[in-house]
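Same chain, two partners: chain A is paired with chain B first, then with chain C.
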Partner chain A sequence: MSDSTRFALATGLALLALLAVPWIVRNDYYLHLFIVSLIFVVVALGLNLIVGYVGQLSLAHAAFFALGAYVSALLFLKLKWSMWIGLPAAALLTGIAAFALGWVILRVRGHRFVIITVAFSEIMKLVATNWVDLTRGFMGLPGLQIPALSLPGLGAIDVSSKERFYYVVLAAAALSFYLCYRIVRSSVGRAFVLVRENEVLAESLGISAFRYCMIAFVVGAALAGAAGALYGHYVGFVSPDLFNFSYITIMLIMVILGGKGTLIGPVLGAVLFTFLPELLRDAAHYRMLIFAVILVLATLFMPRGIIFPLVEHLVPRRWRTRHVRAA
Partner chain B sequence: MLDLAIFGQHLLNGVLIGCAYALIAIGLTMIFGVMNIANFAHGEFYMMGGFLAFYLISLLKVNYFLALPLAVLLVMVLALVIQQTVFKRLREAPMMTTTLVTIGLSILLEQVAHLLWGPQPQVIPNPFPTKPLSFFGIYTTPLYLFSMAVTAALILLGHVLIQRTRMGKAMRATFQNKEAAALVGVRIDRIYMYAFTFGAALAAAAGAVLGGFIPVEPTMGGVATLKAFVVVILGGMGSFVGAIVGGLLLGLAEGLGAGYFSTGWKDAIGFFAVILLLLFRPEGLFKRA
Partner chain C sequence: MSALLEAREVSVRFGGLTALRDVNLAASAGEVLSVIGPNGAGKTTLFNAITGRIRPTQGAILFKGRPIHREPAFRIAQMGVVRTFQKTEVFGPLPLAEGVLAGALARGDTDPEARAREALETVGLQGKAHLRADQLSYGDQRLLEIAQALAAMPQVLLLDEPASGMNHQESAHIVRLIGELRTQGFAIVLVEHNMHVVMTISDRVMVLNYGETIAQGHPAEVRADPRVIEAYLGVQKTDAVAG
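Now for the complex of A and B:
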């Protein structure tokens, strides 16, 4: 089979399977897991742009996810804005927040960058916890709903059932994937990889590392914000727990074990690491422990991730990582 | 009109936590300076020190003054094992790898503590009389004075070890230039081991001593790590004196912030300071030692 036939076949089959999920999976609980994993696909795709493509280890991603959830929740509860406006608003606002933060911290690299992304996350958490008048602090914001989707010519469509909301998140995941695919395949994506592999060389060619890191940072954060809005409305409740360190850990595991710097790796990572904890439900106490061990061992011994090397031969060559050899 | 007694009280409240920050930060900055690793698991040694002290004193009924050094010793053994099994492999690894591994390690240790001792906060029993003492309208307790003396003595000990001994000299040399230090006969492997174990010991001591005031719980290590990173950035990464001064400053600022402003927001002081520092003085508050 030639490369492109295989590609077309794989894509077609994957799409068909994804569209058929609500018919095949009749169990409410498993459908719930599919919805959550698709939301995390959006998150992981965004984080992958930052960690995988421009190679900056940002630990602020969970904070952007939570920020998006809060923005959309507050717009819904205080101003009665529908989620369909709240979602783009959340993406826009987290994008702006990422721009402001990036403007300060993308001047530094390495350890200081990592630590300041954590400091930012902690400040956001403190705001969510202490600004009680707005966020109700620890009590969180309950009562979020999924409003009907009104499309011109089609009237209002109720999407609040799990079967229908699945298609909403599937569309979001597909759009995010397409967006990342276009970015990565463009000259911007090539600049990303060069900045990651050799920043000095990139700068000497007139490619501004600051600029391309900023693009990845802002787009990645906006995706996290949009995913956060979807998540908040789906779960119906937003609280400062969303800022917990365990979220960013799981997101990193999804991206890194899936295969950072590849497009399909983080997608599979998001699905696998949403389902895996549920399959390990009997060992619920040991869940984070197992995750931690996986993270340590995989980082040390399998730097390319554990999923991507397994599926690599299924993926067309043009989806694979372009490795620019460092000088 | 500023009430001096109240001001003094807030300052005093900040001194002990400041000393603890300094102790944790010294180890962190040492590991950073010598091994070039930002150790996100460092605060877990502080947590382990607290929990082991609690376990020895409350559950095994070991004498308080014997239990503190014993807890520190146990953490040193733990640190040695971690150094030999994990950190040895990280020597030439890229930053992304070292950071991810230490993040994983931090969660691992937190979860182990969670499984061993449960999630509920524990207070280490107080061996001193609980009657408050008063000087010029400032109140304190014997335990507080004892803890302050211990942490201050340890900071001094750390300072002397690093600045005055042969090992400290070798450590500073390794920090300045690894290859050159190795060339003049410094055994880099040993230095890594000493720096890591000694740093862990200081953090563990801080945890064991502070456990009498701040309840010990599995999640305290993560917060301690972040605060210590704030201190290390404020003091300049790899600077010993910076870690000490930065730790005390942050502790005092938090004490005053909690007293005059709000306890809920006091934790934000350090995080804001780091971001502001980066904007206006990226090289750190102090020059490198």
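Now for the complex of A and C:
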């Protein structure tokens, strides 16, 4: 059986299990966690292209997530555009913003790149906070809704309930996964990895590091923007808090501890690190302390992410894709 | 025969330091031009200037008569001027077959895998295609660098000390390989400290000292040049090479 067939089979089985979640999980709170974790799957897949595949530590990803949320919210509230138009518009505008930012910052590397992405995030937060006429500042933008989805031949479908919105975010996560899969397995994805492993050498052999970093940066940001739009409409409210540093921290944890540079790792990371802090709620005041200890231990003992020990122990060698075998 | 690669009056300055001064170079298809000189003479700086890693302060570099000295490194490689490095550069944890694909992908080859296989066969590493690049011996990594460059389908190949750190047998293999590449029509510019390799394989030799060309010509003429003996070879070493 070829790698592609194995991969398709495993993905199909996982998708079937995910389709059954609203029937199995009858608790609203846990269904909420599934929805949020799937939104963060989209975010983590996008960040993984930048951090995991071309190897650039971007701290602007939470800003792109928030920007997408604001774009869709403003289009909904000011222009009465449906979320179904606002969502692609958010992805498009966030991608354009990433292209403009990338045009400047993808020419530098290392700490300079990281610092400028932090500065961008802070500037975006200041704009969201101080452009009160547009964003209402700290008061944020309430009143966002999930409109009915009109499909040809099926009419308008109400997807505002948790059970139905779950399928919307599942479709978004599946589409994002498929997009990333196609990119990673194409010549573009191969060039990503070559740039990550040795940028000077890749350039000397004819690969434009700027071009491929730009592709990863724009696609990754567009996914974050789309996820931000979904998140804003799901929780019904966006505010400058979305730009907080805690968001980029948790996004990086999802990608790095999930297993950066793999497709499955960030997906597992997004689900695990959405559920874990919530499952620790019984520990009351010690919750974040326990979470921190788990992060430290995971970093020490699984430096390449949870995906590698999982594959090592659970997946027979002949079932592993050549990428995981090589890693 | 018109030169594929030319450097005309190329100077490179880093602040107050002149690394290259008015250097001229011409390399034609099917020719091996060696650039020698003591450490710090400007040999690697010359490679960096030709391949777009640094911009010449003045002068021009031409490939097939077209100026390339303002082009970025990746575009110069796509045109057909490809280099290897003094310090071995490979795609560390990737299998050889993946790393060698880089050049073929960059050139938009319709069958990059076949191009990569061919390049590995040329240097004799086809049996190790599945290994990680960083698991190879030093000598094999030097060969891998040449395979990486060949997969990029170059017309001009700049080899920066390909035989450094190699034993006699490995050096002989490199000499044979360079000879084969010359017969295939590549223009080869070689930076090398191993005088046996240089004198065996070169059609012409150019000597740099403190960033300036002090001699250029047939290997036997260069070896006998008093300025070269004083600056680089030394009387004792000349005798040894001659012997």
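Here is the rule we use: the second predicted complex is superposed on the first by the 278 of 327 C-alpha atoms of A that agree within 3 Å, B and C clash if a C-alpha of one lies under 4 Å from a C-alpha of the other, contacts with A are read in each partner's own complex, and residues count from 1 in each chain.
Just so it is clear, a contact is a pair of C-beta atoms (placed from the backbone, for glycine too) under 8 Å apart; a residue touches a chain by one contact, two chains touch by 3 or more.
Note that the structure is a prediction, hence the values are computed from the model and not measured.
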item	value
Partner chain in contact with A:193 - chain B first, chain C second, else both or neither	second
Which of chain B and chain C A:78 touches, first, second, both or neither	neither
Partner chain(s) touched by A:108 [first = chain B, second = chain C, both, neither]	first
Which superposed partner A:292 touches (first chain B, second chain C, both, neither)	first
Which superposed partner A:203 touches (first chain B, second chain C, both, neither)	second
Of chain C and chain B, partner touching more chain A residues	B
First, second, both or neither for A:182, with chain B first and chain C second	neither
Touching both chain B and chain C, residues of chain A	none
Chain C-facing residues of chain A, complex	187, 190-191, 193-194, 197-198, 200-209, 326-327
Chain A partner contacts - residues on chain C that touch it in the complex	51, 53, 72-75, 77-78, 82-83, 85, 89-95, 98-99, 101-103, 105-107, 112, 132, 148-149, 151-152
Chain B contact footprint on chain A (complex, rising order)	51, 55, 57, 104-105, 107-108, 110-112, 114-116, 118-120, 122-123, 126, 129-130, 245-246, 249, 252, 256, 285-286, 288-289, 291-296, 299-300, 303
Residue ranges of chain B touching chain A (in the complex, touch as defined)	32, 38, 86, 89, 95-97, 99-101, 103-105, 107-108, 110-112, 115, 222, 226, 229-230, 233, 237, 262, 264-265, 267-268, 270-272, 274-275, 278-279, 282
